[in-house]
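Two complexes, one shared chain (subunit A), two partners (subunit B, subunit C).
Take a look at the complex of A and B:
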């Protein structure tokens, strides 16, 4: 790898090995050392970890940690002898960096693996996608478990509910967030009000989602009477969470639009609002769109505020201002914590995992859409 | 299609900072007026006050009057947007709109003001503006391609075409060639020569040869020290400024004995 390049050219006389008069300055020599030693040590460490785990009866995590430490020690000693101190340090650092990377990726991969593995048997079943939980009780689940009757009940209403609630939340928060960002960037001239707004937006970013849910619940209790739950309340709660994200990302996107373009437009005698609408916004469109999409992805999986503000519905409800509505996250939560039949939990758990997988897929789809939008709207270059 | 500008006792400020002090001058119609002077002496700032672009910068304000054919640009009744429609501007760095094609860029000033225009009229206007900017032959086959795909010099001529498409009275140019190579610079200088047939052209430049080549009158700006306001030292026919200036500091600057 990079070690060879550090080796000084052959025309330079190698510095003396023994410490000379310059005490305290180590004239470290870097000698070329191949990667094979590293691979050998890695194999050895892996073998050791495997043995400790399978034969030694050690916990798998502990075995991996021991193996990793042994690898670091082994690689240091080996390269210290062959290549010198700098090469050895280089390899140890490399090991630490790769270790950190694996540590960071491992939970993610494991999570995806579990969700996909547990969710896939049920998630794409037409019954699951097209049925609601209306009329489904523990009796049917017991029949499924004991007599092998086909499993009934699905998440159709939850998928629809998620789309309705997040859709309304988006419609509420995008204009507010975008116009706030436009005010901050184009009109505020960094006055006192803009500092206050920015501070409040920062504070809002940190609001726990349950607080947003309670806010919407309390607001609805005040306006429509205590205990009123509907999808609009949930959308309001989600907007509270979404607006700061939209403001922040939009503000950044508008700020990177070069000032030259604004001046060019103004100098053509274009009024300021038209400059903003026709030059600044189109130039920033790709960033704005992907920022909004990511903000949607952020709130689509919220459970707590919807639980409080929207409640739980067994059947399909398409009216956002009347009665509870279901959503995927709440659906998964309910199926997991309150299985239909406590004696026969498996069908309910299967539904929960399937709903979780659908949610993950929705988020992935949103992220891909964001990328696509960013590409489609990006300012054109080339001849 | 060109107007005369009289500036009387103009003082320019950035917030509390006094940037330019007591400038009075007359800019003749259908001529090229050049401003030269060291960096930071306020010549660009002064130029931007001629189409009220100075006040776009937070804190920017002006005292004094700028008369265009006798009408004060800074009187209360005047809308800065109208001023900018009459006084076009070309900037130091070429800045075509990245979301628009070459043709849309040329028509931007008209389209962004949502003036309705038939297809044929738009095509005609775009062609005339591009011809006037000496760019037509180079881009006529790719009018629908993005303007950012052109070379720097072509982009700058595109910006000039964009500025003249709204048919202003005056064109301001803020160091239009400083980001360009000598050949593109030559193209722009030739263009300036043609533009003065129809327009009043005011150009800020750091290049004294350029000022000598293209301008009819030259104004020399200077500042006594950093932090002090810049002022107009003298203004006269270009020939006179470069051959026999009245002020010692002008001669020092022009002959390179400055400072």
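Take a look at the complex of A and C:
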């Protein structure tokens, strides 16, 4: 039904087939029309959109939407005439697929543009990086806006807090995640328990971050009394989110270590645990490291669990088991939603965006590091 | 594994000390092996304990509200009446997000797998992954400051032209609505749906595709007859995973939405979701209110659990791949 022969499918007889270079299978008789028509229509649509936007005074987005619709209609009509209904549909769908891609890139570009644009003025100011919010109130913000006084208050404590909490979370979850992966790959022999564990790891992947925070809060409430909030609780909450990511990526990496290596080592009389520690783990090291880095990148920007389990501190707190600690994400959230001086929001917003920029830079740096590790230190025998 | 370890029997009784990796231990075979396999097993069991702990501790902390007099709960009509509008709001926002994200995600997945040049495909994958890496609080701030004001005219247009539909009854003039929140959620769940769909699309048997093309199909006909039917379970599973993520997403909704009671009007203020309700009220909560919010969290946990399990089931029924993350 869907794949019709050429004669029933197109109502216009296609022009005599051109014997071009045979570029694989795609050069079939149902595509007698070249791409040139499409480009022409695209140019026309772009010109129309630009005219509507610049001369017609239409909103950019609206102009782009109109341009896109005109492009689709134009492509359909043109190819309908040249190549028939099926060719026309093909080109319209191509347009839609490309359109979907552009549509997805737009928010990313807009978001990065906003974060960088709003964050740059403050993010790398020494005052911002080296001051805390201790003693900073709405009065100073009002002075900044009214009298041009220098802006005070920074995110030093939040940067430190983010590093401390994420660091503890990493220390907690990497051994657990890595050893679970080792159990699944090396020791379980695919027994029933390994299926259960794998299933539970999948379940854990889906835990909403705020539920992880509530878990840590409830655990601390039962152990230390209700309402206890400290950095360690936040680290535990982040670990709940991080462990499944570490397990999954590590398991995948351990699995691609060739079995020959294990067998060769065991055949030489090396104990199993040394085989794992000295042969399997080093072979998979780059993949494991990049997986852990990605897991850190995933939790470093978490806000909700820290909001619930760690609370909000105005000053520097280096003790992870005593009192609330700040973190970049929570700092940005509080500065954004509860400005110090509701009448003069701008300084608080500026701090929020600066913190957001630092956070995004951290995440991007971690992602790039992970890629770099995977690329640079990949074992030669890996694949 | 095909190799038989020297100590294949499970040393379940071994406590889990920190793994001793010092090479001196290598001389003595058994202890090293016991420590290593014991630590591995203990880690696996710890994961079970953590999950059991999540459910148990949340349940224990929410017991006070479940047994409390209905008059003492917020809204004075019992916990069920309190949480029901929140559940509806959560599901509404997530389903809207899913409906908006899925077609675009399938489009991108097709673009990467079948339209873009292969080398470009990898870098596009990185860009989409980057979208997944942006912290949710940043998405929230962006939605509040950039997206919401720009949507106000669109809401006004919807109200003027489609006002008879209950969904578009009254436009907001701040843009801080459930529709805006859903749009941001849609952007946030785009990467996961794309990743899963892309992976199944790439797994389409090459022979199916070439058979379709050899029969004279156009590229789109090939995709419709060979790629999409093959990838359908993957797309559905990916969509459900995206739904699970949207259900649990907190900060974007908490920042953007101007919360209120339940209303069908999605372009005005009102509605709330469970995670947003918790995030907005938790810092000041105490006593029974605290227990109430934790109980709401438990409800959210159960809902996401069910959605994720169904998603896993659908994805894994198809084939084994690791695109779920």
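Just so we're on the same page, the second predicted complex is superposed on the first by the 312 of 383 C-alpha atoms of A that agree within 3 Å, B and C clash if a C-alpha of one lies under 4 Å from a C-alpha of the other, contacts with A are read in each partner's own complex, and residues count from 1 in each chain.
Here is the rule we use: a residue touches a chain if its C-beta (ideal position, glycine included) is under 8 Å from a C-beta of that chain, and two chains touch if they have at least 3 such contacts.
Owing to the predicted nature of the structure, the values given are computational and were not obtained by experimental measurement.
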Contacts of A:332 with subunit B and subunit C, given as first, second, both or neither: second
Which of subunit B and subunit C A:263 touches, first, second, both or neither: both
Touched partner set for A:283, first subunit B, second subunit C, both or neither: first
Dominant contact partner of subunit A by residue count, subunit C or subunit B: C
Which of subunit B and subunit C A:274 touches, first, second, both or neither: both
Touched partner set for A:207, first subunit B, second subunit C, both or neither: second
Subunit C-contacting residues of subunit A that also contact subunit B: 189, 262-263, 266, 271, 274
List of subunit A residues in touch with subunit B within their complex: 189-190, 258, 260-271, 274-275, 278-279, 282-283, 285, 379-383
Residue numbers on subunit A that touch subunit C, as the complex places them: 2-3, 5-6, 25-26, 28-31, 59, 61, 86-87, 89-90, 93-94, 96-101, 103-105, 107-108, 110-111, 114-115, 118, 175-180, 182-189, 193-194, 196-197, 200-212, 214-215, 217-219, 221-222, 226-227, 240, 243, 245, 247-249, 252, 259, 262-263, 266, 271-274, 276-277, 297-298, 300-304, 307-308, 311-312, 329, 332-333, 336-337, 349, 352-353, 356, 359-360, 363-364, 367, 371
Residue ranges of subunit B in contact with subunit A within the complex: 51, 53, 56, 58, 81-86, 88-89, 91, 93, 95, 97-99, 108-109, 112-114, 142, 145-146, 148-149, 159, 162-163, 166
Subunit A contact footprint on subunit C (complex, rising order): 1-3, 5-8, 10, 18-19, 21, 23, 26, 29, 32-33, 35-37, 39-44, 46-48, 50-51, 53-54, 57-58, 60-61, 103-108, 110-111, 115-116, 124, 126-131, 133-142, 144-146, 150, 153, 187, 190, 194, 210, 212-221, 223-225, 241, 244-245, 247-251, 254-255, 275, 278-279, 282-283, 286, 290, 293-294, 297, 300-301, 304-305, 307-309, 312, 322, 324-325
